[in-house]
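Some structures to go through are shown next.
In the two assemblies presented below, subunit A is common to both, partnered first by subunit B and then by subunit C.
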Partner chain A sequence: MPIYNPKFMPKLIIDDITVEVPEGTTVLEAAQSVDIPIPHFCWHPALGKAGACRVCAVKMLDGPVRGIQMSCMLPAQDGMVVSTTDPEAMAMRKGVIEWLMINHPHDCPVCDEGGECQLQDFTIAGGHGIRRYDGKKRTHTNQYLGEFIAHEMNRCIQCYRCVRFYQGYAGGTDFGVMGRASMVYFGRQQEGPLDSPFSGNLVDICPTGVFTDKTARFRARYWDYDLAASVCPHCSLGCNITPAARYRELLKVIARRNDAVNGWFICDRGRFANAAVNAPERPRQALVDGKPVTVNEALDVLVLRVGEFLELHGPASLAIVGSPRMSLEGNIMAARLCKLLDAGALSYVGDAVQAERTMGAVSLLASGNAASLADVRQADLIVVAGCDLLEEAPMMALAARQAHRNGARVFVVGDECALDGARQELYESQAVTSLSDIPLTEAKRPVVICGTHPKRPDTAPLMAPLFGKKGLQTPVKFAFILDGPNAFGCALLGREHDAVPLSQAFAGGAIKGLISFEADLPAELTAGITVLAATDWQPTGLMQRAEVVLPCTAWVEQDGTFINNEGRAQRFKQVMRPGLPIKGLDPAGHPPRIHRNDAPGGDVAPSDRVIAMLIQRITGDTPVDGPLSGRWEGLRSLDADGEGKRLTDAA
Partner chain B sequence: MIPESLRQELQRRVAGAVTPREAAVDVMKELQRHYGWLSDEAAEEAAGLLGLSPLQVEELATFYEMIYRRPVGRNVIHACDSISCWAMGGETLLRHLEQQLGIEAGGTTRDGAFTLLPCPCLGNCGNGPTIMIGDRLFGPVSPEQAGILIHELQRHGAD
Partner chain C sequence: MELVLFRHNRPGRMTSFDEYRADGGFNALTRALGELSPNDVQQAVIDSGLRGRGGAGFPTGRKWSFVPRDLPGPRYLICNSDEMEPGTYKDRVLLEHNPWLLIEGMTLACYALGVNHAFIFIRRGYEQAAVNLRQGIAEARRAGLLGENILKSGFSLELDVHQSAGRYICGEETALINALEGIRANPRAKPPFPAIKGLWGQPTVVNNVETLSNVPAIIANGPAWWQGLAATPEAAGTKLFCISGHVANPECFELPLGTTLGEIIDGPCGGMRPGSRFKACIPGGASTPFFTHEHWDVAMDFDPVAKAGSRLGTGGIIVFDQSTCMVAVTLNLIRFFARESCGWCTPCREGLPFVRHILEKIENGSGEAGDIDILREHVHKLNYAFCALAPGAMGPLEGLLRLFEDEVREHIAKGACPFTTPNLCQN
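This part shows the complex of A and B:
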């Protein structure tokens, strides 16, 4: 990436609007900055330019360059006068679109991309409405690329985005571009599933329907989707996503841009591992001792049983269990419930080592030293210790690759190098045994990435000397890989409310019963403990054992907040209404013949609401404060479309 | 499998290149010389030698028109069909070659002596129409001259 003088701002005129942009900005980006759209296929903000499609033509009326130019290839310069509406430029763009469409099939009505297709949009916008070409079209044989991505090469317009992403950005080696001239083919050498754990992004970046999401094939059109800004729950990084749902079924997940976090992309786990939301075995019915009841009845029974339990064993024998995969709101309410019942233990994590390491990581992240994924992408020196990035936080590995591509050196510390599976494929790294082997003093933007998994060696003693280390050009920034989308939030709450890891709470033998909320606990940990109630949207072992089962909504069915691994609070919005997906219902029962306000299986609430209802029943009918009150008040106004709010910076 | 001597020679060339990828064309051409064409096995060998994935070798192999990913005859005739040669009668020349060899462009004669491949630009635009037989470039070539060239090769057998 060339380094430009940040102080020099070329000033140019685009369509009579004066634009001032940092040096190095292309004319296309300069136009976008004042909301002048210029069609483009090969140019992509994260992949840069290729000059392959020729559709971003503009006319330079005056200045250092004259005539028709490709706006994605041309850096903005002082004194340029640009017209995007000049007849010559418009004729050029129209012509380019016409010849891009020569081989493109007229299959929009049966193409999954229809309605969310850049080629469709620009063809219409460019004014190419009638096809003059009546010759034969070039055709290709498609490949089987695995269970997630459908391949339709005839639609290709040779923008090279897919291969630039797959090999360049994501380091894959099994997909590429073959042939030449009119026989350019984007695919694998032989049919087979794509190897890259980021392959799903081909679906997002292909400007037309060559790569479509097979899991959502032929299910709905763009304008029929329920869409909302959301956050991925699969690891602690909090990548931004836009889930698309219809008829109470989560159809697919699309990456959502957040320059501070995931940039433009997400990993395949975040995109394709969401079948649990629609799963038939998902708990949707409140149960008491295995018998179906309404949520209200279940709550009434639970209040009675908790009362009996407390009377019999005393409050010290009860544990309230939250979870790093539950929203911040739910976890706040769990703490409140614990306080109200004066329960013996509040717990967010099962494993004591995990809890200790997470707590340690969170307390180390102070103002300014937490590395966001953007910081990792821009780092010039990266240290990885005690984690397998591709396994625990794939997008962190992809971020490290971007730094590596820009010249950053990557070091893997300790003898656990074998754990860092990413290094082989995504970046070259150097194994070192101690921190003293790393030239930290040479780095301008050093970032250290540490794991916290209990099975891995502890990195804290290794890293401790780095905090506040003297003699560096810039203080080191840290990224910790935690064990859930809200692990950071749970650590903050745990510190505030003296939560203990569940294994530690059980150690004394005083705990006899628990109420769990979206908790994943190993069966052996809770053996012999009464599960008074469990709330979850996944069929966990606790849900099967619980006396009172209270189903709750999945994250796509509610508003909420996750705090990611760097302490960034991010709001996610409700995408779809909860309830059994219409697909899979007995056709005889749909549409329902009886009037009801909620969908079948839709009598569920978010965990924080479930806890609020429980608290309301226990305290009498006084209304319960919303979870985001008191010290969390500041998160109420969090904008789901923004970059989130870093709590580590607030201090 | 390739002979050990060839393997060592290719390893030496790869090691001598600035990046392994730079040696790719060289390696593919040598393997092609050994196998007669760049067979699937040869592509795998090339990938191993270059430290690239088979796909990445395939990308390069299918880009260069003188790397053959299908079996070819003992003599490969490239006939330029790009614009300069086309303007100078390249189309007529190609038809003539087809007729004389009794094959369509892209095909190989039954005796395995000739493969005829149209290709865009042999870099001899000033002397169109151009053909290339093996490593030898000819141009401008009239249909009659092409006929004589082929006749000669047919008489003398391969190379």
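This part shows the complex of A and C:
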């Protein structure tokens, strides 16, 4: 882990450009900071220097060191004069590429990495074209590493990134480096699925095609992908991702760098658990009483039926249900719909305990005391309470590991500390029964991580004394693990609009019917309740029961906003157009014989749009304001490529 | 002449504890613990001019002086007995005859450095030496010369023998430290140097067997006496030279440092074998450039050998006669280095097999004129490898291209190896 000291700013000259960087910055990074690219394989910003590949050679013309040096190994110092274009440095870099290409197969055309391969890029950039080595190439056998990652060892250039990530960064023990000299082998002792829940990062981190995403192999080249900046919907952390799609099929998910959140990596659930987007059983057709109709027809019927329902039962018997997995926009519109119909309940969460804990957590967080994943990685003392990090928020466990690797002490509090499966594998921790056993006063950057899961012990009372606690060197920062990518947003909306947990809304027996949007509700909770309409892109039980079924887009098919567990609003962009993947279509029907403008199965809209259309029908033809208006106005300009925006008024 | 390292040797067996003690063994330790401060011991080693006998020749006392004494936590001393440089077998001969000098030397060094736990990292194949050391450590402990409160001085030392799993790279001090920690034997990035951050992140000194074995004599007889054992005023002490190849009497000899190459070969080695004429030699182990007859009078000491274009290295001299193909010699050495690369950095891992391939082509008669340029390129570029293995491997190749370019060109021109004697480089 590189540690930078911004108090001292060495000044150096790289290719005639004066660069000032914080102490601890390498010459390679200093060059990058002024857009001078220096080839590199083994160096990685998250893994630091290794000095293995030797391709980042530069010539030091003046200063404390002279001659050919590896820019990744050299801390920037005052008075350095660096040339990246010196003939000797260029010859060295070209030589390294030549060495690497001695054994690298010339199989780019049939390699899945082709087009997104660092080795390919630097080989061409380095000018190595004529092969001088005429001997045999080294060959290896490949291993079966599970259903997600393909292994092609012949392509390996021994940058050691995979093992440095897998063992060092992620704490895996079942994958490593074996052999020596030119027969170095990266793999497992025996074939078998990789154990680490972060193994998919090998695909991203390998600079060539040794590890490729098996789920997406040979489906498309890099330039064929539909790509956009997106946010992972699988837990409350909001890791940044770049989904890659083609022909209306989500092919794979690539980690996207956000230093404040996930850093460079994501977990395997975020990467590999997205088959539902392409699933054939996914609802794509609007239905009324089980019969296919257009979306417009469905909405017309819904308006009539809502009218009838309100007339029969009164508005107090209707519940509008949003969801922590729906975009902020959708949930805002759900609240607006509830207000418009004067419905008896607005609900975002089914379980009362979950709702209470989430609300409690959100009300405790302010911009100053909410811990981002970056804060966790830099913490020097971590307290984990009432959560199974590997299960509920894997990247939080990985962040805690980074802190631990840098010397942070980890304490697990409470009777059920065995819950946290990560503590064995990713970091050593000390089990304590009460807060008084934790030396908080010694910590400079303390972070407390709490769960909110209703089945786990409630840790909030335990943590309450820490808020505003006196006598500490630095106030404690808090990270709560919530139950969905937008749980924080739902809590904010819930407080604003007096939402109630659905179980509570149903308790009085007043609620007779509901309209749900991307909601996951247990069947027993909604038994006996009329589901007037359900909107979702997943085939939930509610969708099967609903009188009016309105399919909507998945998060990769729309723009939207999630507010993560620390109150950071992050924009995700539309990656692909909605519609049935071409791959799944009946071959007899493709190519289509009848011209149409929309894709089959593509007559779907984002849920906020569905609600807007509904509101428009109810209110007559007055245009409906976009969701991000009023107090949410400030989020309109949110940049999907940025670090997101902390909602400072959260508490 | 006065012997230091072989002084106590008995023919064909290990010197016993009693014999060593009767010869004045452990007197230096007794004296140091009784009369000298740790700093006195270090100063004596600095004054003696002792330079590391493992190959690099770094002044030992200065190395010790780099160790910070005020950092929290333990400090460590490691004896590097992973003698794997081809042509070098001095430490083996020394330890098989006499483990006592090392045990006493390490105890003195630990006293000077304030080390309470030291390790002897020994080559796997040195089974007898390891047995000797373990037996010696046990006997010394029984005699109160190791363990808790040595000679009631308050100084304690644990000495452990660790047998290497065996690779050439383990002789590189940071790779050795990794191996000792139980992780992969790749060299570490320097800085930080082991003296600051070594074994388990603590200040650590790594010294060679022969280096440490000289310490008792320096303490017992004084630095000036020890220094005066050398053949030249610039040199200091004696050196174990282990000779192999086409000489009449290939053996390990203790000779004054600075003895000339010619004196070594004509003297204790008994000259060349009958029918052999001196053509070249490797002066200091496999990673040093060749010497030829023009270097006959070079004093075998660190600086004169460096000035003559090679390195004293370990003092492992391999002598070749007129029937030797120098391409084959170099190829044989490169094969060793290519095999022993740890595989960490590209120049070493990929560059050495490239060099091996080209030398094989030349030796087999299919070399081309351009190949010499490729070899020269590698001699230059392999300097920028991660550790000293690859630059060392280029030593003999550099010597080949500088001293025997004609012979290489003859191979290429003839399309065959001009030497008719059996090929040295059979795998």
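We adopt the following convention: the second predicted complex is superposed on the first by the 642 of 651 C-alpha atoms of A that agree within 3 Å, B and C clash if a C-alpha of one lies under 4 Å from a C-alpha of the other, contacts with A are read in each partner's own complex, and residues count from 1 in each chain.
Everything below uses one rule, namely that a residue touches a chain if its C-beta (ideal position, glycine included) is under 8 Å from a C-beta of that chain, and two chains touch if they have at least 3 such contacts.
Fair warning: this is a prediction, and the values are worked out from it, not measured in the lab.
Aligning the two structures on subunit A places subunit B and subunit C in clashing positions.
In the superposition on chain A, A:Trp99 contacts subunit C only, with no contact to subunit B. Of the two partner chains placed around the shared chain by superposition, neither subunit B nor subunit C is touched by A:Ser434.
Look at A:Thr622: by the touch rule set out above, it reaches neither subunit B nor subunit C.
Once chain A of one complex is fitted onto chain A of the other, the partner contacts of A:Asn597 are absent, as it touches neither subunit B nor subunit C.
In the superposed model, more residues of subunit A are touched by C than by the other of subunit B and subunit C. Of the two partner chains, subunit C is the only one touched by A:Gly135; subunit B is not. In the superposition on chain A, A:Thr173 makes contact with subunit B only, while subunit C stays out of contact range.
Using the contact criterion defined above for the overlaid structures, shared-chain residue A:Arg188 touches subunit B, although it does not reach subunit C. One listed stretch of subunit B collides with subunit C once both complexes sit on chain A; from 3-11, 75-83 or 147-155, that stretch is 75-83. The interface of subunit A with subunit B overlaps its interface with subunit C at residues 177, 179-181. Put simply, subunit A touches subunit B in their complex at residues 173-181, 185, 188-189.
Listing the residues of subunit C that touch subunit A in their complex gives 167, 169, 184, 189, 338-347, 349-354, 357, 374, 377, 381, 384-386.
Within the complex, the subunit A residues that touch subunit C are 49, 51-55, 57, 68, 70, 73, 91-92, 95-96, 99-100, 102-103, 132-133, 135, 157-158, 160, 177, 179-184.
The touching residues of subunit B, counted against subunit A in their complex, run 52-56, 58-59, 62-63, 65, 120.
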